[in-house]
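Shared chain: chain A. Partners: chain B in the first complex, chain C in the second.
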Partner chain A sequence: MAFVDQLLTNLLYGAILGSVYGLATMGLSLIFGVLRIVNVGHGAFIMIGAFTAFWMFILYGIPPLVSISIALIVGLALGFVIFYTVIKRLIDAPELATLLATFGIGLFLEELAKLFWGPDYRGFSWNVGSVNMGMTIIPVSKIYALISSIIIAFVLYLWFQRTKLGAAVRAVVEDKEGAMVCGINVTRIYALSFAIGIGLTVASGVLITLFVPVGINPYMGGEYTLKAFVIAVLGGLASPWGAFYAGFIFGLLENGSYTILGLLPNVEPFSLTRFVAFTALLIILLVKPTGLLGGEK
Partner chain B sequence: MRPMLPILFLYIILFIIGYTIPGMWQPVAFIMFYIALGQAFNIFLGLTGYVDFGYVAFLALGSYGMAIAFSSLHESSLGFGVILIGLVLAMVMSSILSLAVGAVALRLRGAYFAIATIGVNEGFRYFVEGARIWGGSEGMIISGQIRNVFGSDIANFVSTFVADIFVFLIAGIAAFITYLILNRKMGYALMALREDEDAAKVMGINVTKYKIMAFILSASFAGLLGATAWTLKMTYVFPADVFLITYTVEAIVIVMLGGAGTLMGPLVGGLIYGILKYYLSVLLPGFQLLILAPLLIIVVVAFPDGIVGALKKRIKGELTNYIR
Partner chain C sequence: MAWKKAVIILLLVALVLGCAQQPQKPKVTPTPTAAPVEKIVIGAPLSLSGKYAKEGQQSLWGIQAAVKWVNDVHGGIDVGGKKVKIEFKYYDDESKKETVQSLVERLITVDKVNFLLAPYSSGLTLAGAPIADKHKVLYMSHGGASDRIFEQGYKYVVQTLSPASKYQTGFLDMIKETDPEAKKVAFVYEDAEFSKAVFAGAKSHAEELGFEIVFDKTYPPKPTDLTPILSELKAANPDIVLGGGHFADGQLLASQMADLKVDVKAISIIVAPALPAFYEALGTNAEGICGPGQWEIGVKYSPEAAEKLGIDWYGPTQDEFLQLFKEFAGDEEPSYHAAEAAAAILAYAKAIETAQSTDSDSVRDTMSTLDYMTFFGRWKIDPETGKQIGHDMIVFQWQGGEKVIVWPPEAANAQPYYPIPTWDEKEAGKLAKYE
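The block that comes next holds the complex of A and B.
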């Protein structure tokens, strides 16, 4: 029974963490879906969000939930700046150029963060009590993280479906030339989508701090870049909604397989869990590159 | 043979600089590693246009190949034969992985291929660590075994000199192979493939065959490079080091900087990148990446065809002006 309890507890944590993973991947999928650019520097933006939450909490005592909106604004601004300085010139360039450019941007942000804030691991704990779920006790801050990522994803969905700008973005995804003929400024839509993608990613970095008590550091992003790739492929790479659901699945799979692999003798379950994740990535890419969940429309 | 001459000439100059001027061997070997990396990667990335973001996995496997040769044969009396066996093992292991990856992942294109290869690299690394094969996350330390085989004087000579000579040779042979490919049917087939794969297929070119050939060639050079520049030189293999994605990116930067698919490109790119990185880390330790990252972005935006590519274009442009 102990094992079943442990598995259930881990799956519950997996679902909660998965919602944040989903949010953290939506930005990657949105940018790929609209601009056809894989943001290899994705994790650096999560790091920026984590540091935003950290400094807001330490310096001004602002709780992470409020920092989400600050991070969103920081991310939007950062996204616009990066788009108009670099990405705009690479829209029609081959993959090689955009992969390198986004990697360079991520590297630059990491090095800047190291220059300003040092390479040490930092952390903070936002204590707002906890809830007893019977088999385990869950901190309320993590439940807030779950609720906020669902709300953010839902608001984004409404924005896409119900507003004119959202429709314009969908039109550009559907048919770039057609959208241009209809009078949509495609470059501006690209800029907006890139900025929203970065904004979402930075905002998700705030929520990630609620799960890594002492894991904030300039190089923390690399791990999330790789996870985001797996999740994005699982969700169809170009579909933010697919990514959000895939995040849940990934969180469940990660924590579930960790518990099961922990039973094997003489292995490192933590590393094997990642091996399982990347094997899944390869299989999905080969069998159904458009993702398990519908994928591109 | 004429296009090979300037390359050989530059290698010889580099060798002489390193060999005769005291204290220059280390920087020359450092720069040569990047040139060799560029030459090896150019055979795949430059000639096919496919972006392998997990290229470093081949170097990693090669470095494990050499480490396995030393750790299992250090009690034999084979002497330099162990290095030879290590090199063969490195080539075989990296070729087998490239064949496996090539057979499945080369069906994917563009961003999907790049992500799949990242997945192979990371998956392999976590498999080595997770299943605790080849020492798991603790890696393999073979300095004792190398001393066992050669005695401590020659062992020192092997890791400070012989390993670097191998890197020179690898860079030279890889450049020669590139030259051979460029002037043969395979080169034209790959050029057609790079410009438009579907059109090349329709024209009756066996694209899969040439892609996989380029992939295996490039991967086996990477394996040799990992075996010599990493294992023989450092005398240890740690999975966290040898699977580091940064090396893949450095390789892409070098090929891109010089000009993908050109014979001189990797040499120019490796020279520029190696010199910049070495002297930035000497002059401004800790800040080299802070300077290299924006440089990388500027190069990508300003010279999408690389430096050699841009020069070629400019020269061609002027010539056509004259002809008109």
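The block that comes next holds the complex of A and C.
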């Protein structure tokens, strides 16, 4: 009984964590999908989001749920600024140049954050109660994290599918020259996609604080960058939706495997969960080398 | 053709002479003790960025305060009747092992420092140790508590802080004393050099005291979610929980124990609860949480206490240290990272003064004989390994938003609050404080 309870608990928490992972990866996949640029500084934008939630809550008492939209706006603005100052010049540059540029932006943001806010691990407690599910207790803030990430992902999906701008973005992804011929301002689409990608990433930083409201630090992004890359590959690299599903799967694998591994004698199950998650990634990629939703070449 | 031969012979002669000159060099250079010492350069790699940025910054401020005491208040280190000042040289090691290694090499060979301080953390301390030992330059650990550092047979590595194996023993003693009925103990800690050493020591001490270990598992470094391990721990229904590793995971551990409402009678987490940011982040959820400390503002080490033990006192009093620290850190209060780093500087000053030498060998020999007290506590090393054996750990507890010292009784300024309030009670605002 205890075993089933724990497995369900871990899967439930894994699903919530996975949804946050998923959203935290969508921005990365979107930017790669449209601009073919790998944003190595990804984690720094998550950190900016976490700090946005932190400061809004500490200084103005704004709950993190409201901060999501603030973070989205901050991220969009940041995205546009970075695009027009750095990325625009690098669209057709060799890969190494864009890698170094985004890496540099990441470092710059981290050090800037440290300069202004110091190296402390900060945190806040936004207590909105918790729900007793019988087998476990879940803080309501975590349920908010799950629901918000699903809503954001869905709204983005609608925007892509149902709006003219979304169609333009898809057109640029499919055929850049063709899109240009049809009168689409490709640079503007690039700018918009980059800004949305950054906006999503910064917003996901807020969601991470809903899941874990502690450990907010200028260098917190590193862990998430690594996971985001794995999830992005799993999801098919260029596909934001794939990334979202892959995030779910990664979260479920990471947490769910713990209980099963715990049945093995003389092992530390937690150390093996990452191994299991990465092995699963290898197997999925063996079966489907383009990732879960990576239909394209 | 003859001139060609002559040139070759000349070249050979020059070469032989050149080689012969090398070994003669040390004879020409005066021995450090004989020459008047102008200044004593102490060098260190410090983690000013990366994962130990917080601890590194505290160490730097502590070192600066101690150097200022030695140079300005004490008037310099007395070597051969001359007051010599300390010059402190440091670089940012970015919390990376590779950087530590190249910086230690650089400090020794390029900057020609007399002595070295190790960087923060056991892992980084271990990274630099073989290089310092190879060059026969004293290397003092002030943030590397792992016992393993002192099991490598290094001669030039010494320790100022208590070793890891002693970190959680005081807390177990305290529980044994406060509640002999509490038997079931759970360990949940980071799978890392330092925490493994801490909990190896804690485990054997718990067994000695007759505790029953109902849960003993590790989590990998930098976890993002501890739910799986904590729900398993909850099912084991322990009386007390001991855990932690570094700062972020310790904070996460407390936060997620609150989420899952893992109610126990006492909690002791290493590292994280020591810093005020822990309470700021967790709010009332931090109430009652204990932690071991190398040092804490308010400990009662004083010249009088030293006299009672029949040992020397050296360095600033606690109040003087706090004053000096303020000059560098502003409003920020010193954590134990600052105090232990300062104590390492004071240990060098005391040992150099006693040895009347800046030579690593004679200072190391002198250190083996030293037994004295600073504001950080007692200082005495094991002559063989260099491990700290004089210094004692304290146990603190968060009570009503204040960190008070609850163990050992002779250093305590408050009673331990036991059992701690449940997570529900804490959320309702209950504090772990006796009225």
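Heads up, the rule we're going with is that the second predicted complex is superposed on the first by the 262 of 297 C-alpha atoms of A that agree within 3 Å, B and C clash if a C-alpha of one lies under 4 Å from a C-alpha of the other, contacts with A are read in each partner's own complex, and residues count from 1 in each chain.
We take it that contacts are C-beta pairs under 8 Å (C-beta built on N, C-alpha and C of every residue); 3 or more make two chains touch, one makes a residue touch a chain.
This structure is a prediction, so every number in the text was calculated from the model and none was measured.
In the superposition on chain A, contact of A:P213 is made with chain C only, not with chain B.
In the superposition on chain A, A:T9 makes contact with chain C only, while chain B stays out of contact range.
In the superposition on chain A, contact of A:G178 is made with neither chain B nor chain C. Residue contacts after overlaying the shared chain place A:R274 against chain B and chain C alike. When the two complexes are overlaid on their common chain A, residue A:S125 makes contact with chain C while staying clear of chain B.
Of the two partner chains placed by the overlay, only chain B lies in contact with A:L90; chain C stays clear of it. When the shared chain is aligned, chain B and chain C each come close enough to touch A:E111.
Touch criterion met: A:L100 reaches chain B, while chain C stays clear of it.
In the superposition on chain A, the residues of chain A contacting both chain B and chain C are 111, 114, 268-271, 273-274.
Considering their complex, residues 2, 5-6, 9-10, 13, 17, 111, 114, 118-125, 127, 130, 136-139, 142, 211-220, 223-224, 227, 254-255, 258-259, 262, 268-271, 273-274 of chain A touch chain C.
Those residues of chain C lying in contact with chain A across their complex are 49-51, 53-54, 57, 191, 217-220, 222-225, 227-229, 231-232, 235, 247-249, 251-252, 254-256, 259-261, 275, 277, 280-283, 285, 427. Every residue of chain A that touches chain B in the complex is listed here, in rising order: 32, 36, 38, 40, 86, 89-90, 93-97, 99-101, 103-105, 107-108, 110-112, 114-115, 222, 226, 229-230, 233, 237, 261, 266-275, 278-279, 281-282, 285-286, 289.
Of all residues in chain B, those touching chain A in their complex are 45, 49, 51, 53, 104-105, 107-108, 110-112, 114-116, 118-120, 122-123, 126-127, 129-132, 136-137, 245, 249, 252-253, 256, 260, 287, 289-290, 292-294, 296-297, 300-301, 304.
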